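Listed below are the structures to be examined.
You will see chain A twice below: alongside chain B first, and alongside chain C after that.
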Partner chain A sequence: MNANIGGEADAMMAAGEPAERAGLPRKILPIIEGLLLIAASVVPLVLADYLTVFATRVVILALFALSFDLVWGYAGIMSFGQALFFGSAGYGVALLARDLDITSILVVLPIGTLIGLALAILLGGFLLLGRQPSSVIFVALGTLTGAYAADRLGRGWYYLGGQNGIASISPMTFGSYEFAEGPVYYYLALGLLVIVYLFCRFLVRSQFGLALAGLRENEQRIAFFGYKAQHLKAIVFTVGGAIAGLAGSLYAFHEVFVWPDMVGVVVSTQVVLYVLFGGSGTLAGAVVGTAIVEGLSFWLSDNYRNIWPIILGVLLLLVILFRPLGLISFVLGERERVGRFGLTSKEKRNAAS
Partner chain B sequence: MANAFVALFEILSFGAIIVLIVLGLGIIASMMGIFNFAQGEFVLLGAYITYLGHSRGLPVWIGMAVAPFLVGLVGFVLEGLLIRRFYAAPIVAMLGTYALGLIIRETVRGLTGGLYLTVPEPIGGSIDLGTFHISAWRFTIVVITILVMGACHVLLSRTSFGLRVRATLENPALARASGISTPLIYGATFAFGAALAGLAGALIVPVFTLFADLGIRFLIQGFVAVMVGGVGSFIGPVMGAGVIGALSAALPWAITPVLADVFVFVLAIAFIKIRPQGLIAGKRV
Partner chain C sequence: MPLLEASGISKIFGKLTALDGAALVVREREFHGLIGPNGSGKSTLMKCIAGAEAPSRGEVRFINTDITSFTPTERARAGMSLKFQITSVLPTLTLYDNILLASQARSSLFDLVFSRTRGVLHDQVMTLLTQFRLADRAHDAAATLAHGQQQWLEIAMALAGKPRLLLLDEPTGGMSPEERRVTGELLQPIKQHCSLVIVEHDLDFIRDICDRLTVLDQGRVLASGTVAEIQANKDVQEIYLRRA
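Up next is the complex of A and B:
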């Protein structure tokens, strides 16, 4: 208690020093996060019903984008097949609902998450672990191929509905309550997004996250420090797969429909677009990117359905060329993107005294 | 017996098509270190140009002859404007070329109205060998593939242009110091790879009909083939393409087609995992 008061006094005294002021810039990221959360929580109150349904979709896709941002933005694994986990979980829960009549939220969401987790362990373990570290290109193409193969399997396998997918999935239930699309589903998805977001944020700001940041910046040096770089990557990949699985099961019940595109290259590249647009390696950027891309696409698709993908391509090219850190880098500095680790200066002084 | 022969020809001709498509992809990947996601769209452009010529009333073969040059030109311009900014980072190159491919694909989709368009074979009919009949055009594709493969090999291994390309690949700094204009060489190599894709597109469009997703259909097969063959040489990707093409065509005769597709990919990825350097290791022609 005493030490705490002393620390505050110290900090107040130190506030006069210019070096100290440079060390404590205004934190923009929490402001962005707060604004996003406030905006997201009032959305169903101000929007028409059909727009709430659209907003729910965006929230679920943002959850999916989060999984990709964790994998690419923090661990530097280019997962071009993130939809494999998303879609497989979607198919998995759709089959549960269709064949076994299990729709309880307490069963389907954990099972969807587990499907994503299990597939990510298998694929990640195979692609990332091994005697020689895998090249970035190999992992990128390996995940892409995995998603493509799953897509082909979904299209050709009659049990999975073939080209048409599985339609009219019965709604998710809690006891006797049915989650239909609308505000309730929206808040469910938003609540899960917030929980997962906080979990990811905790993960990347922990000591584990510090090792990840090192991995992203200089993998070799992290390996020389004695970290098992490949194991770290495999862990993050697995966590990413689990989150994608959760998002996929939510998506399947929300759209009451799963189809082969959902496991394939189409959705895989879509999530890459979201994160690149928003800004990789920031978590908030993934959410912002999803909202912007989906919002623009929703807005433009009425009148400009044909040229919208072209515009998307041009915008993506511009972002890659001129804003490699995404749109969020307009407001977010590099220092905050990397984040602060270890003791703050205040705590250090306490430790010294 | 007749069936076996037909199957064999089927495997051969599909293998040839994959080789033709992978040639350009392999040259760009091996010589420049870029996995070009827009390669499938160069194939599409070649096919589209052929269709355009045909719909204007020109003979099909004129469109086929012009397509490689036009697509090569497009490749050269794109390299100068965009691709050369990506050399430092292979992943960024993937994403950038993906965006480029998206633009080209959707433009063509808009131009064709999302329809499936047919282009007739310039050499129709079939070749009769006793009791068997094989498609004359598919046979022509096999012949052209062999010729193009030989020509590419000679170009890279026997000419001074090939020497410059290899020198630039091996040691860009030394190549520059020796008076080779490396940016020009990179541009020319990329254009060459694009032109090969354009040729492939022009030749296969009568077989597969023209639709906007024509290129993407072969892209992943192409990448897997390049990795199986081994990046860094000319002959590696070609061999990889032969293996992947033959397997993709042969397996559906043995097991159900649905599983065959998936099986080829699983097999290929497992092979690359065990042998990351591919069938042919090292940098040579």
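Up next is the complex of A and C:
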């Protein structure tokens, strides 16, 4: 009986689908992703060496932006202290290199990721796993305080290099090969960005992604469906922390330097701006936002040395005021941004046969 | 054995006593109407039962278990479902995804991450959409629905978890007379597997679909019984029905 009803309804839905296809193409996102990947792949081939170094930094920061986008854009958790995980992992691997002479990529990147993950479990457990749901303000202030405290700790603790941070970190290695800044480091960072991007894409398009959409839109409502909303939030927060940790480890070895700003409020705010500028709730938006904000800063600081932060600030304000869904919303419609979570056409055909 | 037994429920907000020892007993497959004048505590009692508000005093038992200290999530997992008074469908999601979201709430994390249950749940989602006359809008965003259809979607979502008890807070609020009639028709089939507690101002609607009624007045139970008993109750006529 139910199957019959379902079958009739499927037929009705199928009848409605051509009308949707009659409009503008719905699949803009894969085109944007493809173009981004092609553009990113040729960067070291067309840019001067010093710009490849800059592009590597952008790619690593885009990885960091993905972590914040997952947490804020998809799950609605306002983490104002995302740099805590990024910077702590950076400090962690810097200490491994300085004190224990451990620089193997097979050790430092997993450990950096684990540092981000462990700190996110601790902070997320405290902020998100209370009996009652935490308010957005509580979480925002809690994460901000965490990042601020880490910043102060970094500045005040001599072992961590104090205000100066830890400089001249030994290069990351694979066997006898040393990863110095340049095309190889760029492609390493890009490869990891692509892997993490695909992982996040898989996650946000799954049924878990649908649960995240519910969490973001109306946390109270989904609790009444039976979701363990706080657990979901803690899980996403932890995944975000791990990705930030991976990005922080890469960043530390690329810059051969870690400093207190990297773990504090400054970098935490920076990642919020990347995602807001590009478009929160879209992974491509986070990457585009990072590239444009960093690119603009780079160009403006060269050409308008004294007033570039003001120009950048005004541009950011304009985008946030007039395109609250970010620059990506110029080309990406609401439907595609939110996505669909039901059976794919292929799954429907398999179910019907 | 009653399915739901709320007894001695009091709820005090500062100096206001919203509920003062209210009680409600609902049996299996019973449609139970909760009526009373504005401010009599109907919605507050619903919230205390569903876990949206913690009662200041009293006990809520559901399927012979004391659930007074249960969170809304735990109550939902025990088989209780609530449709809020204010429509709270997720506007940017499609109708299909709204119901899938409600249907998959008890799936494990592993199943959610690897999308292992959406195939199994597809028929159930489509059945609910068809049952509530929404199948032809399945891929539209919920925000594009008219108010009455949003209410139907919300009821379908509340039923998606296959609850044993459904709590409906003013399901026909803002509906046209025709939409109210259809809502009554849509609710009848669920009696085969689910009990219903319904707060509603439309007394004709209540009379048509309910088996028993509980009348609240100033936070206390004024009367409880079959529809005929309540209609014949002089206190109710005096205090509530005549005023209505």
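Basically, the second predicted complex is superposed on the first by the 320 of 353 C-alpha atoms of A that agree within 3 Å, B and C clash if a C-alpha of one lies under 4 Å from a C-alpha of the other, contacts with A are read in each partner's own complex, and residues count from 1 in each chain.
Throughout what follows, a contact is a pair of C-beta atoms (placed from the backbone, for glycine too) under 8 Å apart; a residue touches a chain by one contact, two chains touch by 3 or more.
Bear in mind the structure is a predicted one, so any value in this text is a computation, not a measurement.
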Partner chain in contact with A:A149 - chain B first, chain C second, else both or neither: first
Which of chain B and chain C A:L317 touches, first, second, both or neither: first
Touched partner set for A:I235, first chain B, second chain C, both or neither: second
Partner chain(s) touched by A:N306 [first = chain B, second = chain C, both, neither]: first
Chain B versus chain C as contact partner of A:S176, first or second or both or neither: neither
Which of chain B and chain C A:F138 touches, first, second, both or neither: first
First (chain B), second (chain C), both or neither touched by A:F126: first
Residue ranges of chain C touching chain A (in the complex, touch as defined): 50-52, 71-73, 76-77, 81-82, 84, 88, 90-94, 96-97, 100-102, 104-107, 109, 111-119, 122-127, 129-131, 135-136, 138-139, 141, 157, 160-161
Chain A-touching residues of chain B, taken from the complex the two chains share: 35, 82, 85, 90-92, 94-96, 98-100, 102-103, 105-107, 109-110, 216, 220, 223-224, 227, 257-259, 261-262, 265-266, 268-269, 272-273, 276
In the complex with chain B, residue positions of chain A that touch it: 78, 80, 126-127, 130, 132, 134-138, 140-142, 144-146, 148-150, 152-153, 156-157, 265, 269, 272, 276, 306-307, 309-310, 312-314, 316-317, 320-321, 324
Residue ranges of chain A touching chain C (in the complex, touch as defined): 2-3, 5-6, 8-10, 12-13, 16-17, 20, 131, 203, 206-208, 210-211, 213-214, 217-218, 220-229, 235, 334-335, 338, 340-343, 347-348, 351
